[in-house]
Structure formats: structure tokens, C-alpha cells
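A quick write-up on the structure given underneath.
Think of it as A, B, C and D in the order they're written, each chain with its own count starting at 1.
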Amino acid sequence: MIIDSATIWEACRSLLMGWGLGYPAAQVIMLLVAFLVVALFAIVLVLALVLIERRLIGWIQLRPGPNRVGGRTGWLQTVADALKLLYKEDIVPLNADRPTYFAAPYAVFMPVLLMLVVLPFGVAIINGTYRFYVVSDLNIALLFILAMGSVELIGVIMAGWGSGNKYSLIGAMRAVAQLISYEVPLVLALVSVALFAGSLSLVDIVQRQSSTWAIFPLFPAFVIFFITAVAETNRCPFDLLEAESEVVAGFHTEYSGMRFALFFLAEYLAMWVMSALIVLCFFGGWKGPMFLGEGGLWFTSMFWFMAKSFFFVWCFIWFRGTFPRIRVDQLMVFSWKVLLPVAVVQVMIVGWGITYRNPWFSANLIPKATAVEAYGGLIGGFDYMTTPEALTHLTTPELVAFGWSVLGAIVVILLLGAMFYRTIRGFRPSRDFQREIELKIMRLEDAKGSE
Amino acid sequence: MNHVLDQKDFSGLFSENLKFDYEYDPASQILRLDAEHLPELFALLAMDERLAMDYLRDLTAKEQPEGEFHVVYNWVSIEHHHTLMVVAKVPESMEVLSATQYWESANWMEREVWDMFGIRFAGHPDLRRIYLEETVSFFPLRKSFRTLPVENVRDLGGSERELAKARAKAAKAEKEPAGDK
Amino acid sequence: MARRYTQPDVMKRRSDDLDTQELTLNVGPQHPSTHGVLRLVAVTDGEIIKSLEPHIGFLHRGMEKNSEGREYRQLIPLWDRNDYLASMHMDYMVTSAVEALMDVEVPRRAEYIRVIMLELQRIASHLFWFASFALDSGAVTPLFYGLKEREKIIDLFEMASGARLLYNYIRPGGVRADITPEFMEKLSKFIREFPRYLDECEQLYTGNAIFINRARDVGVLTREAAINLGVSGPVLRGSGVAWDLRKDEPYSVYPELKFDIPVGERGDVLDRYEVRFYEMRMATEIVRQAMEGLPEGDFVAKVAVSPKTKAGEVYVRQEAARGEFGCYLVSDGGRKPWRFHVRPGSYLNLGALDAMCRGYLFADLIIILGSIDIVLGDVDK
Amino acid sequence: MGLIDGHNLDAPAGSMPGLALTSIDWVINVARRNSLWPLTMGLACCAIEMICASAARYDISRFGMEVFRPSPRQADVMIVAGTVTYKMAARVKRIYEQMPEPKYVISMGSCSNSGGIHADSYSVLRGIDKILPVDVYVPGCPPRPEALLHGLMTLQKKIDRQTLRRNKPNYIFENRREGEITPLPPEAAVEIEAARLMGIDLS
């Protein structure tokens, strides 16, 4: 007996209706309960994320990290923090714009919470039909997430303006500039995903990655999306709007107690939502590698989804442990002069590939998989990958398109490899400096000797 | 005294250019003069190719036991590697010429001297107090200004000696047999 | 590439249709990145700095006045608290001023020990600068890497003097206590390992493209301006002036040791950064040489507990971690100084901040301030 | 705190409200003492040792205190580390007033305890306790990082005795409830007069 959300949902509804409630009333009550469950999940997730971040950062920085509350692991540390913040005094500055000031934390937190509604967590195959673990499978899920991301921005501006503090205002101004300019490449990267999958629904997008994960044909889009996701969540190296060394704490300088905690919650939740979005759009969502993934078991699919998203959360934390902060004008230049053109080119390539049925971009031609096919995915799933036999059946334009995409992939791999090598090797000015000075001295000594 | 590596003798140069009373000691590289003559000296030090004092490293003041004030300058020439210390006697009006027109580094140092000694610098672009608030009425480094004595600050040298004495006494008492008094 | 906005640029921007207003931004005196209690008032046009005025004096403790009431040996712990990141240099400054008026023959072993301590202090100070500079630019991890290595030097100092931060170690006539074989063993281990550790730091931070882009061509101070503004130390050398008092006006036993002076080319933040890193490598080299050449003998000459000096005046200077530290001592022949003045390195370096910052962005202000490496105790006295 | 105020607090010991409140006290005190977020406020030499306490060797984060907040609004404990001059004292006081309740002050080092080596100076405040209520004094010039950690643990013990119940000795909002400010010690008058001479209003 496999329990899934739909079964529970129907069981609850029949229970409630058995108590004499009408259908709409039962639905409303269940929706409220579902929302509470989502909120609870979000809060527990954030508490875990903050703890993970503090322990991981501690590990990166050669120190143990919190280990006092709840035994050696310190697993209750963030619970203690949350409780303490709950019981702190709530200060309202005298020159604050009161309505804006009060509304801002909720305007930041609620959109992020709402994003959770459309994220599919996994799948179960019951009686040959798919049951997806998602609160609401919106057919415009991508659009919804982007819209919510923009609403969050309004909350940030409200916080900056409402506080009546110059640092807050500068932080909020930076937030506006940064988030708006990074939204454009973000949207374009997602457009190429939507084109590739032929749908805006996240469930569809994941299902269309049965044969191959979208990262392989859409690698540049993935890189762009990853970078912009870091910028959208205001994480290091793009954490300009709360840069401690410049604008104190940015837009939430004046907030204390639970209102501040809401900003904190929103930031970490957004980080996880963005990681989940990366996984859903580029890494096959709940699909595991090969036969481990789509076995039709709800816990394997959920496991893979969570594991992959936490890998990206780890990357976010890793960035914070390694990078310095980028400067505000460089941030703009990077977005408009580097990310945007690449994203546009990527969209053009995808569109062109779909028009000419390039095998790399023809994943959307795969019929919606059925249970039988899913079980046969072990063998059948990779049929759509280009094989030497398949190449001989291609028409000329298809072949040319294929050649172009292979060339493009090689160029991208070389570029990224060079960047990677540059990062790994490092640049040591003081050593080069030393060598230069030694050379200078040698030359001087030579000159003296010749005299 | 003035620590210098290769001490050059500027006596000839000074006697040629400075047409007023001054005292110059080549061994320690100290030039003593009255502050009224500073304009001529500044021009000479900054403009003369042989001196080329381009780096004003220190500017401060001191109060003499007789109550007169001196402004003390320290120059170094990064080009020629020689140094010069100038001690200028401040006139009754407590106003001397500012060095900021030639050396920008004098800006903050002159503000400090004004703050601490109350010596004015004519031609300074922004002569305000630098450490203390504008409303303060005293000049702390003048000898007439005394800090309040605080009782709990002990004389370290004295107390150490007392402690050593007490220890020696204790050691002596231990060495001697207990009953012996 | 960073761009310096000139005044006409700003004026042109302002003459556009936009009705803009100058924004006066107050940073400090309690701000995470002012390295203490410094207040900066910046007039900005958007994010571009038009002028900047540092307000100091929040840590003014009146130490010059306090010195006049103390005996010479009591001055050392007092002035330790001046530049608390380079206390050994402060000890040496007071000591050399008193010795210059005292006619005392310092044993060679003491001089060598002093050089070892001064150079170790330079490394410790520069490591702390690296940590806080990286923190200013937004990277947190270098703080922990820098301080981890600094703790090793602190351990060495603790073995020698018994204190972690303010040592009171160098005193007229020599040093307070001789160094032990265990100290030498630990020191040679440190010297062996330190260059490899510096490589690690550079891999962590210097190679980062974000940092290079932020630091190159930012906060430019030309050679002429640097000399005229009286800056000293790594800031002066970063601007391309080969001026190091250890070479140019040698003191102690520096003439007997071989080392280079690093000099920058552009005079920007990256140059100052490189100069300091190279100085750390060079200081390691000096310590190694001093360790090998350490003679046997006394570590302190016979000096009275409360020494008297000759009447006279003296100006001594030394190349400390933050630049030239001068000390002007006037003695009336007694046990206490008549006038004790210190020319702090950070004070004049901070005075050049306005010249460095004009035309750059507000975000650059923090990294420029970090690159000149001020200690507020030293600025305010 | 509105919920708690409504209860009958004069009920005999051992009855339900008292028990519930005691355990709430316990839970909240455990939370408070384990997440003391310090304010980044280094004034002088002691700040260096404070930074060392947060670095890898001494690692203040083991106690959950590595969240150094730049904004006073989000901080719980102010570590006054270093010499407080009259010019800075007014600012320190203002920053203290910006912090939300419950707030604690640790005076670190001789200078902020009593003026220390600079006690005879014309511009140094002789002890931060002349203008602020101090919870824990850490002696030393400068104190070692271990001493600071010990001071923080002492503060934790102090927090353990707090209660949310009104009319009890350790009620945390004692002064705030009455709308009064913690009275200054009698020695403060001298300091305020000295600060006035320096052009600073400390009262």
C-alpha cells in the first residue's frame, strides 16, 4: 500500500464530509490545513538550512561551529535563535513610515512561501497513473514563480523606504537595480527551458526530461540561471544590499525581533526555492540517475529531489565561504554586457534547434511518458539520444544543426574549462612581483658589471 | 640631535640665502630661527634644487620652561636623502605661517598643533580642532593645563620596590627559626 | 575596469534632465568597517564620492600629555596602547628615543632579538590587515585563515614576553628577557612553514577575479601626491617611491641583513596589497637571517630602573608596520620627559584618504580605507 | 507578554500557572542564553582580542555567538571593548539605547571598567558603568580571549535567573515597565561634569 498526497487528500475530504460539512467547506478547511503544512515545512526547512550553513561555514573556516544546544551537533541552535527573536522587543523608529514599515516583512516573506505551492516534490505511480507531489500543478508555474520573485522585490523597497534610514534606502536602491537587471537574464534562461520543454508547468518540464536532463543541451542557460539565482537571492558574491562593510545591514538595518527573523526566513527559503528550481529545470527534478530514479516509488523520487536541491544549497554556502563581494557597477556591467547577450543567443539557438528538429533540442517531441514507458526507461529512455545509427537517418539540415550544436558544446566546454583552470591555478601577484624584482636586480647588476 | 646617515653641511647655502639671525648646527642638522622668517625659509627649502626638501615628515610644537613656544619641523629630501630639523620660535601673537602652501601633509599636523597648543597658522585652509570638540576652551599640551590627579594610579617604580622589600623580609623571616624573635 | 569619475563627468550627469541632489553619508563612528571609531562624512552624487572628510578624535586619550607625568620605563606600556597591532614597534620607538639621549651600549644579541621581534610583529600586523581587508571586501574566510597564522606569532611573543597583545618587551638597554631554545625551535618551524601558508592565502583570495577587478586602478595615489601628502610605509611604496627607513636611514642591525624593498607601479589598492604581501615574505627572510646570525652574549645592558637622560632634544624614526614612526623627545635632564611627541604613520596616511577617494564609488571607499591599513589608536593618540 | 500578564501570579507555588510559567521561563532562558548575538563594536586594543575570540582558535561560535550583528537593532549583547573617551561615550550610550530589550552589556578590559592606564587622562571616561548598566566586567589589559568567553558564560548564568513574571526580583523589564531609566551611580556626576568641559553632553 503506497500512501500519496492524493489518497490522503481524498481520505480527509471524505472524513470531513462524513462529519456533515458541505463540499466547499471541506475544501476550504483542507486548503487551510495544507497551507499550514507548507508553512511548517518552510520554517523547519529554514531552521535546518541556517544550521547547515553555520556548520558548513565553520568547517570551511577551520572551526567547529555551534555545538552547545542539543548535544555535540548543536541541532537546536537555530530553534533557540528563533525563540529568542520571538521574545525580543519590537522597535519602531520614530521617523519610520509606519504602514510600509509594518507590511514590508510580510511582503517579503509571503511571496517566497507561495513559491513552494507550485514546486513538485516527487511522483508516485499508482494503478498505472502518475500522482505528483505538488500542492498545485499550475500550468503557468514558471511564470508564477517569476511573478512572486518580483513581488518580493516590492517588499524590499518597502522595507528600505519605510525604515527612514539612509543605509536602508541605499540598500533598497541597490536591491531594485540588482534584482531588476538580473531578472532579465533569469527570465531568458527560463524561456529557453520552457521552449525546450514546450510547457510552463514544472511537472511537465520535469517529465520532458525523461530521455536526457536539460542541462546537457542547455548548459549555458544553466550557468546563467545559476548565477542569476545567486543574485536573486542576494547571496554572496552578490549580497550588495546587505553588505555589512558598506551599508551596515542594508534594507533591514532598522528591523528587530521577529520582523527581522521574517527577512531571515525569506532569504534562506528563497535560497532553497532557487536550488529546487535549478534541479527541476535542468537536473531532471525527482529523476535519479538511470534506474535509481523513476522507479515509481514516492520516497526514491523525493529523496533524489531533496538530495539534488541540497547539493545546490551547499554550492550557495560554498560561494559565501569563498568569494569576496562584487562591486555595484561591476554587477550591472556583468548582467547587461555578459549574461544578457549569452542568454539571448541561447534562446535563439534553442528556437532554431526546435524549428529544425535538432536532436539535441527535440526532447519536446517525445510523447508524454506513460507508466509502461517509465518502467522501460532503463532501455527505452535513452533511445532518443543520438546514436551512430540515428545519425545516418538524419536529413541534411538536421545533420548541419547537429554539427553546430556539437561545435557549440565544445566551445562552451573549453571556455568553462579555461575559467575553471584560472580559478584553480590562481594568480599570485606577489610571487610574480618577486620574480620581476629579481629580474630588475639582475639587470641592474649586469649594467653595473658592464660599466 | 638628529639621526642622519650622511650629514651634509648646508652652512654655506644658508649663509648665502638667509639674511637674518639664525643658528645652524651641521653635526645635528638643527636650524633655529624666529618664526617671522619662516616664509623665506619655506621658499628656500621647497624651491632650491640643492635642498629639495619634498617630504615634511613631522610638525609639532613644544613649550619651553620660560613659557615661550617653539614649532618644530622635520624635513627629509627623498631625492637627495638628507634631513633637516627646524626649530622656530613662536612670536607673542601666537601666529606663524602655515606650511600647507608647499607641503599638504602639514594640513592635519598644523590642526593638531592648534588643537593641542593653541598656535595659529596663517594661511591654513581649514584651521579647526581635530581631536577635541570645537567648544573646548583649553589647550591640553600647554604646561599651564594640568590633568586632575587620580588617587588609584600608583607610582609603579615605588610600589615595585616596596614589594621587593616585603618579599625579602618574608624570606628572611622564613629562614630564621620560628621561635627566634 | 574601474573608472575614476572626474568632476566634469559628475557635472555633466547633473546637468541632465534628472533633478538630482547631493547625498551626505555619514559612516561611523560605530560602523563595521571603519576599523574602530572613525567617522567619515562623504558627500556623494548617487554613489560617486565628491568629497570626503574624516572626523577623528574618538579615541583621543591624551597620551602625549600623560607621558609628561611618567618615568621613561613607564612610557613603554603606555605607548604600547598607541598602535596596538604593532606593540613591538611602539616599544622600540620609545626605547630608541630614550637610548639616543642616554649613552648606553646595547649588546648585539639584544639588537638581533629586537630585529627578530620587530619583523615578526610586522608579519603579525600585516596578517591582521589581510584578514580585515578581506572582510571589508566581503570575503569572510580569509579572516580566519589570517588570524590562524597570526596566533602562531602571538604564541611566540607570549613565550618571549608573557603577553598576547601588548608586550612591554623592548626596553632601554636591550630586551626584558632572553629568548629560549624552545622559542628558537618554534620560530624555525614557523619560518619554514610560513611561505607555504602565504601561497595558500593567495590561492584563496588573491587569485580571485572579483577581487582583482575591485582592486585594480582603484584609489590611485600618484607618486608626487604621495610625497606631498606625507604618507609613508606600504602606501608610499605602493605609489612607486622606493623609500624604506630600514634601507635609507638604517637603524639597529638592518645594514647587516639582506632584503629587498617592494615598490608598486600604479599606486592603486592592488599595488598596496602586493607590497604588503611581498613585505611579509621579505620579513620572513629577515627573521631567518637574524636567527642564523644571532650572537651569544648579554641580552640587556646595565641600565638604572628609573634612568635619567641628558638634556636635549631628539627625533628618531623607524619603519613600522604602518609606515614611519617618528618620536620627538625633549628632555630637561630628569627622569621624566619634558615633551614627548609621536609622529604616527596612520595619521598622515588617513589624511590622504580624501585624495584617494574622490571620484570613486562609495563601495570603493571601504576597500580603499582597508588598503591604507589604519589603526585608530595610532591616529588619535 | 500579553498572554502571561493576564494570569493570576499570586497563586500558591506548585499550582498550574506557576509551573507552566516556570517552564516557559526555563525554555526562554535557554534560548536567550544560547543565542547571544554580539554587536560589532570595537573601540581599541580589546577589540583585537574580541576578534581573536571569534577566530578559529577560540571560536565563539561554539556558543552560538558568532552572529556579530552590524546593526544594534538586531543585537543582544554589547561588548564594550576598549577605552571609552568622552567623545565616544555619548555615541556608545546612543547605540545602547538603540538596542532592543532584553539587552546586556559586557565591559571588557580595564579601560572600560575603570579607565585603566588612561585613568589620569583629560579625555577618558573612567568606567563605562558611569553611563550604562553593566552586567559583566571582564578584567585585564587586554583580557585574553578565554577571559572574554568566561565573561560570556557568566552572563549566561545571569540570564538563567531571569523570569517573565512581574513583581519578581529578576523580572527583565523592571525599569522599562516603570518607564524609568536605570539610575546612574553617584560617581557619574563628576564624569558628566568633566565631559561637559570637553563639550560633550552625557546626561
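The rule we apply is simple: contacts are C-beta pairs under 8 Å (C-beta built on N, C-alpha and C of every residue); 3 or more make two chains touch, one makes a residue touch a chain.
Bear in mind that the values here come from a model prediction, so they are computed numbers and not experimental data.
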Centre-most chain by CA centroid is C
Taking each chain's centre as the mean of its CA atoms, chain A sits from chain B at a distance in Å of 63
When centres are defined as mean Cα positions, the distance from chain A to chain D in whole Å is 40
Per the C-alpha centroid definition, the whole-Å distance linking chain B and chain C comes out as 22
Chain centres from averaged Cα atoms put chain A and chain C apart, in whole Å, by 44
The positions of chain C in contact with two or more other chains are 31-32, 57, 60, 62, 65-66, 69, 143-144, 148
Note: chain A residues in touch with at least two other chains are 61-63, 244, 248
Touching at least 2 other chains, the residues of chain B are 131-132, 140, 145, 147
Which chains touch? The pairs are A-C, A-D, B-C, B-D, C-D
Contacts from chain C onto chain A in the complex sit at residues 23, 25-26, 31-33, 47, 134-141, 143-145, 148, 198-199, 202-214, 260, 262, 270, 273-274, 277-278, 281, 361-364, 366
Residue positions on chain B within touch of chain D in the complex are 131-138, 140, 145, 147-150, 152-153
In their shared complex, chain D is touched by residues of chain C numbered 29-32, 36-37, 57-63, 65-66, 69, 77-78, 81, 84-85, 128, 143-144, 147-148, 151, 154, 164-166, 376-377
Residue set of chain B touching chain C in the complex reads 1-5, 54-58, 60, 62-63, 65, 72, 74, 78, 81, 83, 85, 87, 103-109, 116, 130-132, 140-141, 145, 147, 156-157, 160
Within their complex, chain D touches chain B through residues 87, 114-115, 119-123, 126, 197-200
